[in-house]
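In the two complexes below, chain A is the common chain; its partner is chain B in one and chain C in the other.
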Partner chain A sequence: MKEIVTFPHCGYAWIAAKALLENIGFDVLVPPPISKHTEKLGAKYSPTDACYPYKLSLGSMIESLEKGATVIIMVGGKKGLCRLCYYSKLQEITLKKIGYKFRLITASNPQDAIKTLKKANPNISLKKTLKIIPFVWRKIKAVEKIEILARKTRPYELRNGETSKVMEGALKEVDKAQTLKEMNLVNLKINEMFKAVKRDKKDPHDILKVGILGEAFCVLEPFANKNIESKLGEKGVLVSQKVSEAGWLLTSAKLNFHRWWIKHMIAPQYLKVSGGGEDQQSIGKAILYGKEGYDGLILIQPRGCMPENIAQMFLPTISQKYNIPFLALSFDENTSETAVDNRIEAFVEMIKRKKERKK
Partner chain B sequence: MKKISKACFSPRRKIKIGLPKGLLWYKYHRFWEVFFKELGAEVVKSSDTNKKIVEEGTKKSVDELCIPVKIFFGSCLDLIDKCDWIFIPRYWIIDRKSITCPKLITLPDTAIMIIRKKILTTTINIKRKPIFLSFFFLGLKLKKNPLKVIQAYRAAIRAQEMNETYLEKEFQKKLASPLLTVAVVGHEYNIYDNYINQELISEIEKQNVNIITSDLVPQSLSDTYLKEKPFIYWSYEREIIGTAYWALSAKKISGLILISSFNCGPDSLLHEQLLLEDSKKPILSILVDESTSKETVKTRIEAFLEMLKRKGQIINT
Partner chain C sequence: MKTKKIKAALGLDIGNGTIKFALITKKGKLIDWVYIKNLGVIETIKKGLKKLRKDVEITAVGTTGAGRKLGAAFIGADITKTEILAHAVGALHFISNAQTIFDLGQEDSKILILRNEVLVDFGMNQICSGGCGAYLENVAFRLGIPIEKFGDLALKAKSTATISGKCAVFGTTSCVHKLNAGVAKENILSGVATSLIRNYLALVAKGKDIKPPYIFQGGVSLNKAVVKALEEELSHKVIVPKHAPIIGAIGAAILAQEANPTKSVFKGFNLANFEYATASFTCHKCSNHCEVINIIKDGKKIASLGSRCGRYNIDFSKTTSQDSPPQL
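So, the complex of A and B:
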């Protein structure tokens, strides 16, 4: 029987995952983008107290299984600190109880995933896999570049929404590319596409700079954070956000020096031992943004997230020390988008007035 | 952050060390109390959990934390003027394959944000050093005599072992009881804190029902029931969920009551796993938060026990 491989939807990670799995030789089913329907499905079959990423990833898996997927690849491992590594274990039990027939493969890094897939399908050759890694890496870096360019362009755009449209187009181009040569052309095209966005003449010193901290899934997936990056950009705010798929891959290969530096050199002033997730990273980034003179910080977390609640306990002290206001937002399936919009608007107004008073 | 400095020891009066009555106090207070008393300190306990402690703890920390942690912070605030040092250990790794809980691992660091001074701490991580050394270096800060510190440690171990023997005997006694038996499973800081459990234990005992709590079941027994399940990597969860699986298959137990607090991370996923089991045994899941009333808990317990009694009668006739 033909095996159809899928994975839960998270931000724009699907572009690289699809490229990797298709080139290895699998039939890939790209999970549908996360929507209200995904959220409802996930919340229906999850415990009330479970974290938001658990519910969204469960909903995404159900949608893929309904479309005919037979193998699910999920992030996880035998043990961890926060609940993330337990997701796959409970999700498998839940989905099998509903009645779906599938195989779940967990991996804490891509090397593990490929090893497990090779056991399942011996036709995969390790040589072929190694050959396509530069191509897949090029795609991951292209997605990262698109996100960074979008954040830099949005505060200056003349017409609200133009940058987001260009971003969508650029991501489609990256997905369409099938070879390294095509990727090189796409990289040049991306720069042009963003340069073509009509800009307003604003003084870069007047632009507000806000740093985004928080849990990885909610920061990467626009549905989970109610499109906060677009909203802030359209208000003229330059957003800085450092979590990315490229960073995650470097971490799993033990090559992410920035992350190591924050964990061992910056965060231990406040939090000596990590409780899991991104807690030390959030604290470290808050300190670095404070030192660099950013105008505000926004902490994005799922409701009840243990590591982020721990990080939140240190923010008032850091905020006072570096004179940088912060806003903590919690997301789950009951969060009202209007409430989030109101809070963001009030926060942006507050930091604008603070900056004007400074002059 | 300043390093925690050595305790200033005045020979005229004993040092007062405060133990906040929350979280791991319920498990280890016998050990800690004997250890500090043998070293010449006076041990002070915080007040029993009340509304003021919960409110103060919530105000100074984050709203979304689980209630046992808020009670712990409130108890620390309650102790500030009552002692010289507050003892907040970092129980990190107590078993080679698992970790305790993110909130327990970061407890000394988060507590400093609330109390701002005078915390006495030690890190328990058996992968870095044996538990004896963690307490040995702590004891040296209070008494510069290594022999006395070793004696205090041994006395504390004896107190802990005596408690374990008592729990084993209680377990055998409860297993031999002819009454209807239920298992109450949850962390000790949920089961035995009267503010959280809303006096659940006494309500059940009033109905003439025999209770086996999860702390009575020996770890060797609960571990066997976890072998075929997905690996649980939180140490204290392994103890209580293993007990729950034992209770689901033990003939003696007629029903299982799960008690947990709102926003407890590990419990939220693991209790769901228990409820999805294909077991014919009735399970009652009680989720407690600051606004749970005693009446709600009492009504649910009464209805559950009534159902168990009627089920028992139908099976007997």
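So, the complex of A and C:
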């Protein structure tokens, strides 16, 4: 029986993951985009206090299994992550109890995943895998560029929602590309697509700048954070967000200097030892955004996230020191979108007025 | 001789329970206000417009509160802002050196932190009514006391009963236990006032930098016993502004005035003399599937809200609307 490989969703990581696995020679099943249905499924089979990323990734796995996937690749087993490193084990046990038949591979990085896959499929040539790395990396960087361009464009868009539509189209183009040559053309096309968005004449100095901090999954997955980046952008806010798939891969290869810098040179003034997860990173980013004169910070966390609870404890001090207001939001399957919208709207109004008064 | 109309900005605070209107002159003087129960946004706005003085020229309109968007579309508002900002601006208008505003409403409660007349932090609670007016109403109902008499009666207490329970339901249960045990009603009510303040501070003021001057507003601020309980908890005097219940509407009017539109999009007091209907539909022109609400007068669309791209909105600077709704 032919194996069908899948992985739970996390933002736009699926594009590169699909490209890698397909080019190695697997049949890949990309799960349906995370939706209320995914959330419901995940919450149904999870302990109540399991965090939101656990529930959403479990729901995503179930949706893939329902569509015929036979191998699931899940991130985990890695030192430095939060308790996410154990999730794959519990998810595997849960899914098998429900009755699904599949194999689960826990991967702390792509090399790990490929090694494990190779053990079961000796036909995979490592040589072939190495050859496609530049192509996959090009896709990863293209996705990162699309996210950055979207953040830069939204505050200026004349018609709300246009940037998001362009982003959707651009991501589709990246996914469609099958060769490095095609990717080069796509990269040029992406720039044109975003340039075409009708813009309002605004003074860049008047644009509010907000830094996003928090737990990686909830920051990357738009469903988890109720599309906060789009909402902020459509209110005229320039969002800065530094977590990306590219960044994660660099971290795996011990090449993420920005992350190292924050961990060893910035965060220790408040938190010398990490409790796991993104605690030091959130604290460090808050300090850096404060120093850069950003207008506000938003901390995004799953409800009950211990590392982000720790980071949040330092925010009032950092906020006061750099005179930068912050808004802490926590998300789970019971979060009311209206309540989140209300807070975001009030926060943006508040920092806008503060900026105007400063002038 | 024709009397010159006073130029004023109109603010509306469209809450879930009540709708408040305020008229503010250019010099910032409050010249009229209305406070009525919300029995449907459109009907209540019509009612409020009929009650307001008409010898004014409306230079700007602002809406705030939960129903601000619908209200704005209906009445023709130049700006809409969240209650957070409107309440802060309203309070600062009367007490410019305020640093902390405690805002306790019927079903939600907020805290606003201000420094140098700028709002720098806020907290909101919309999930637990143990720190809101609904708790007081619950207790008043169970103990058979009119809510207006709650404060005065509680102030007569010789001692404050300890009411346990962090929520409106269990707090009320605790009151009934005390009543059955023979504790005096005044003492129980005094205990509820303290319990409410403690719940509120624990829910909303956690981690906030609370500094005087302290302002207390929102419907609950009308209860003198709760004011006293707050002062005791803070060991400091608390100011209840004169127009506490309508501060949001005052703030909305001030914000509208600040926006200083060249010509206000206000549809006029005459709006109140007609009948309206609302119609909603889901637009399928793109993947957003927005739920659009149209306000209709005599079969013609006069306002629209809900579309993310704004394609159904009526641009008042043009004479015709961009799109008409599908046949319903």
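Here, the second predicted complex is superposed on the first by the 355 of 359 C-alpha atoms of A that agree within 3 Å, B and C clash if a C-alpha of one lies under 4 Å from a C-alpha of the other, contacts with A are read in each partner's own complex, and residues count from 1 in each chain.
Criterion: a residue touches a chain if its C-beta (ideal position, glycine included) is under 8 Å from a C-beta of that chain, and two chains touch if they have at least 3 such contacts.
Predicted model, so just to flag it, every value in this text is computed and none were measured.
Asks: Since both structures carry chain A, what do chain B and chain C do when superposed there: clash or fit?
Replies: fit
Asks: On the superposed three-chain arrangement, identify whether chain B or chain C touches more chain A residues.
Replies: Of chain B and chain C, the partner in contact with more residues of chain A is B.
Asks: State whether A:50 touches chain B only (first), chain C only (second), both chains, or neither.
Replies: First partner only.
Asks: Quick check for you: in the superposed arrangement, does A:345 touch first (chain B), second (chain C), both or neither?
Replies: Touch status of A:345: second partner only.
Asks: Between chain B (first) and chain C (second), which does A:82 come into contact with in this model arrangement: first, second, both, or neither?
Replies: first
Asks: Report, please, how wide the angle is at the C-alpha centre of chain A between chain B and chain C, in steps of 10 degrees.
Replies: Result: 80 degrees at the vertex chain A.
Asks: Just chain B (first), just chain C (second), both, or neither: which does A:236 touch?
Replies: Once the two structures are laid over each other on A, A:236 reaches no partner at all.
Asks: On the combined arrangement from the superposition, state the nearest Cα-Cα distance between chain B and chain C in Å.
Replies: Between chain B and chain C, the shortest C-alpha distance works out to 5 Å.
Asks: Under the contact definition given at the top, report the residues of chain A touching chain B in one complex and chain C in the other.
Replies: 316.
Asks: Note which residues of chain C are touching chain A in the complex, please.
Replies: 81-85, 117-122, 124, 126-127, 207, 209, 286-288, 308-310
Asks: Touching chain B in the complex: which residues of chain A?
Replies: On the chain A side, the touching residues are 46-51, 54, 78-83, 85-87, 89-90, 93-94, 97, 269-277, 279, 303-304, 306-307, 309-310, 312-314, 316-317, 330.
Asks: Tell me, which parts of chain A touch chain C in their complex?
Replies: Residues 159-162, 165, 168, 234, 316, 319-320, 325, 336, 339, 342-343, 345-347, 349-350, 353-354, 357 of chain A touch chain C in their complex.
Asks: Given the complex with chain A, which residues does chain B contribute to the contact?
Replies: Of all residues in chain B, those touching chain A are 1, 61-62, 64-65, 90, 92, 97-99, 101-103, 105-106, 109-110, 113-114, 123, 230-233, 262-269, 271-273, 276, 287.
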